[in-house]
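Two complexes come next, and they have one chain in common, chain A, joined by chain B in the first and chain C in the second.
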Partner chain A sequence: MSADLAIETQNLGRIYTIRNRRERRIRKEVVALRDVNLQIPRGELFGLLGPNGAGKTTLIKILTTLLAPTTGWARVAGFDVVREPHKIRPRINMVSGGEASGYGLLTVRENLWMFAQFYGLPSREANRRIEELLRRIGLADRIHTKSSDLSTGLRQKMNIVRGFLTDPEILFLDEPTLGLDVNAARDVRRFIREWMDAHPDRTVLLTTHYMVEADELCDRVAIISQGRVLACDSPEALKRRLQRDALFDIEITAPNGLTSSMLEALPGVRKAVLTDADGGARLSLILAADSALPGVIHVLTERAVQVRHLTKREPTLEDVFVELVGRPLAEEEVADGQ
Partner chain B sequence: MSTPPIYQSTNLPKTRSAAWRSFRIATWLGWQIESNWTDPILFAIYSMLKPLASAAILVVMYGVITNGQFENPIFPYIYLGNAFYIYVGAVMTGVSWAVIDDREHYRTLKYIYVAPIRLPAYWLGRGVARFLTGSFAVFITLAAGVLFLHVPFHPARVDWPLFLLSLMLGVVMLALMGLVLASISLMIAHHFFLIGEAVAGALYLLSGAIFPLEVLPPWLRPLGFAMPITYWLELIRRSLLGDLARGFPTLSGFNNGQLLGILTGLSVLFGLLAAVTYRLCDLQAREKGLIDQTTNY
Partner chain C sequence: MGSEARPFFAPVPKASGWRLFLKTVVARAYPRVVGQQRERSWIFFDVFLSILAVSAYVFVYRAIGAPEEYVGFVVVGGAMTAFWLNVLWSMSSQLYWEKESGNLALYIMAPNSMMAILLGMALGGIIATALRAAAILLVGSLIFHVQYAVGNLPALVVVFILTLAALYGLGMMSASLFLLWGREAWHLANLAQEPIYLLSGFYFPVKNLGFWVAVGASIIPLTLGLDAMRQLLFPSGAALGFLTVPVEVVVLAVLCVLFLVAARWLLGYMERIAIRKGRLLESRR
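So, the complex of A and B:
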């Protein structure tokens, strides 16, 4: 393995065996990860983009030594996650979003100080970092507040500070902005970016299902769905894959039985996604060329569907996701939920 | 424009022992949790009333059954056994409860697990607060017994070195038993949250706390003799009561040195068992993905 790699995985897989509570002999196997191969160099802010249940958290659990893989291997900071977890732990830290963890009886400072002590940070240095990081994330005025008195969003900010406090070589952020309001999420994203700019030798692995977050923050992004990595590149390179295509958003009246598959059967239509919109529907199209558009309009006209608004636009990561997975991320989550 | 570095030093100090660090901080955390759940006055009243109420149940039962024969040597035998048994529940639960508390209640177990600490040392530290509150409960119970129930206690006749040595060995032994339970707790869900209390309750009948092992059916007695708590309670009674304690038949064939030897041997055995159990349960919990499993029970 190269010394410059912070994280490396080879054919990494994880299968969960779920036993029936009533009949213990009945087992069901759920594949959470399969054949994941990643190479993440030091100093990179790497994003894992995928819907809930795609395997992002499972991958983070394996890399942070919380969970053993079923197949393949993974190295973090050059150490094997199964055989050398004790060598990995001083070098990493992790934060999970969307949860209100922490000791409610302790103040924000006490919570953070305690975790700093676990990492052997001298008290004075820990307190200095706590004050500095809280100030940067906009939580300085709550330093003496008991964490049970914080809102979920503020508690999440406290946890984000906990992750950065120990200055880890490799930081794992699992959906760090999940459940935060727009402003708080923006604060957190700015905070992460500033920290990376100030620490170019540090590595961050960030999972998210927010396209904007991945696009705005990450040097490279892996798109993951149903346990498989479907593509891995910089957001710009991923979007360039679609640059030769023509992307249109069309607002229409009620679809009158129109389906995506009808449109995808037309020549030059690579992907068509139909979603509900106010008083009608929205049609997102990936066409091989502009010349395929008249065919689409013709079908709409045949079905008495009126076009309200038509926009040609630049590709986004959402389009890349649709191109790779076959449906939008939000729809993928609904399907998983079912 | 790039932001100035938040801090320069990147390497964590390596000189401090991870085990000591884990124990020290966990002790602090345990005490914060144990003592701050209510205001200090209520905490003090609760700490006094709880052990007295528990002892009162036993005293009333004894009084009814024996028609108030509090001068009988069996009474101090029972009373002291019951008083010091408080340590069993307190220490074993204090150590093992930390796993469930951190995982289910505070949702911090995964962050603690991935930190560079020694988890067993952390659990032991979390048990210290319960040991301290348990010590207070034992003291209150003993004081009530001596002042109001004529439990014989003469400071000049107490074998203090034997008492202190036995107490120390016993607490270490209980902490090691707590570690076994903590390791098992890594593998089980919330509804087993009182595993420490449950095991302590089961051993209450098997360790000669309130009656000699001869009272047990013959097939259950070997379990009692295999429990280090049996020898520990005998040593505590002998150190505090002297000849009065030797009058009971269970361990009368052993002198103090032999009892200390057996207690030490069994404690070492439990230490080894704790190490093996931790290793196995840790591996299994990682294999099965149970470290951060929350059940929301």
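So, the complex of A and C:
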């Protein structure tokens, strides 16, 4: 493994064995992660983009030494996650979205101080860092507030500070903005970006199912679905894959029996996704060329579908996801939930 | 990059080895000690209600004309009840709650020792509960005019420390067991609470249960701890004692080592299972 790699995985996989609660002899195997190969250099803000249940958290658990892989291997900071977890742990930290860590009776400062002690940080330095980080993330005025009195957003900011407090070489952020309002999410993203700018030798692995977050923050993004990494590149490079295509959004009144497969059967239509929209539906199209559009309009006209609005646009990570997975992220989540 | 692009802070040397262990113990004890000061309701629930339970036994003993030392036995037993409840609900069940809140994964992932986390919980629990026990002892002694005759204070201190060490060792050991057994263990805690009051002789000399029942009950360190403390606190204590104080001290010391070694082994086992199977760290919520 190269010394410049913060994280490296080879054919990494994880299968969970689930026992039937009533008949314990009956076991079911669930593949959470399959043949994941990643190389993340030091200093990179790397994103794992995928829906719930895609395997993002499983991967993070393996890399943070909390879960053993069933196949393959992984190294973090140059050390094997199974054989050398004690060498990895002082070098890493993790923050998960929606976590309720710490103790509600303690103040923000006390909670953060406590976690800093678990990493051996001198008390005076811990307190200095706590003040500095709280100021930067916009929580300085709550330093003496009991954490049970914090809102979800403020509590998550405290958790974020906890992760950065120990100055980890590699930080794992698992859905750090999950459930936050727009302003709190923006503050967290700004904070992460500032940290990376100020600490170019530090590495962050961030999982998210927010496309904008991955696009805005990450140097490179791996798109993961059903335990497999489908693509891995910079957001720009991923979007460039679709740049030779023509992307259209068409707002319609009602589908009138129209289906995606009808449109995908047309020449030049690479992908068609039909989703509900306010008072109608939205048709997202990836076409091989603009010349395929008249065929689509013809089908709409045949079905008496009224077009409200038609836009040609630049590709987004969402389009890349649709292209790779075959459906939008929101739909994928529903499918997983079922 | 402007001034904001400078590092947020410079790297500093961090404690490791025994220094990290001690820092972790102190840090994990902190929420327990401080938390109690911020939840003043304990004065009502832990002192007033305990005094009520003690009062019931005192009135019964006085009504049937039991020796007056029994009143002192009950007050001391009432005070030590606080430690048993703390071990049962705040030690044995604690790792389960830490898992539910997400702290357990952070504890395992940190470079510290999980034994340090458990010792910190125990130390914090002992400090916080000592205040409650002292309050019960003081109020109970004043209300019921309990007379103490401490002939050997160093022996009393040794017995008290050994009792708490063995008792919290039991708590540390059962913390991993409760986590491994999940919800079933929750019922076990409920199940254990009242029978242990009876078997450990919280409100009467354990000798009265008969030799073999008392031997069986001695697996709970409070049984012999209470018996030895009563022998050292009251003039007629020795006559009502189950075993001699030196024997009880030796058994308590053995239990202490046994429970701490078992706690360490079980913690390692729990962590291995958690990492291999990926279940123990999952919150059920």
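Convention: the second predicted complex is superposed on the first by the 338 of 338 C-alpha atoms of A that agree within 3 Å, B and C clash if a C-alpha of one lies under 4 Å from a C-alpha of the other, contacts with A are read in each partner's own complex, and residues count from 1 in each chain.
FYI, a contact is a pair of C-beta atoms (placed from the backbone, for glycine too) under 8 Å apart; a residue touches a chain by one contact, two chains touch by 3 or more.
Quick caveat, the model's predicted, so the values are computed rather than measured.
When both complexes are overlaid on chain A, chain B and chain C end up clashing with each other. Looking at the shared chain after the overlay, A:K271 reaches neither chain B nor chain C. By the document's definition of touching, neither partner reaches A:R189: not chain B, not chain C.
Of the two partner chains placed by superposition, A:R220 touches none, neither chain B nor chain C.
In the superposed model, A:Y16 makes contact with both chain B and chain C.
In the superposition on chain A, contact of A:D197 is made with both chain B and chain C.
Looking at the shared chain after the overlay, A:Y119 reaches both chain B and chain C. Common to the chain B and chain C interfaces on chain A are residues 16, 61, 64-68, 86, 89-90, 92-94, 96, 99-103, 105-106, 110, 114-115, 117-122, 125, 128-129, 132-133, 136, 164, 166-167, 194-195, 197-199. Interface residues of chain A, counted against chain C in their complex, comprise 14, 16-17, 58, 61, 64-68, 86, 89-90, 92-94, 96, 99-103, 105-106, 110, 113-115, 117-122, 125, 128-129, 132-133, 136, 146, 164, 166-167, 194-195, 197-199. Touching chain A in their complex are the following residues of chain C: 1, 4-9, 11-12, 14-16, 19-20, 23-24, 26-28, 30-31, 34-35, 38-39, 101-103, 105-112, 117, 274-278, 281.
By the touch criterion stated above, chain B contacts chain A in their complex at residues 2-7, 9-10, 12-14, 16, 18, 21-22, 24-25, 28-29, 32-33, 36-37, 106-108, 110-117, 283, 286-287, 289, 291-292. Partner chain B is touched in their complex by these residues of chain A: 16, 61, 64-68, 86, 89-90, 92-94, 96, 99-106, 110, 114-115, 117-122, 125, 128-129, 132-133, 136, 162, 164, 166-167, 169, 194-195, 197-199.
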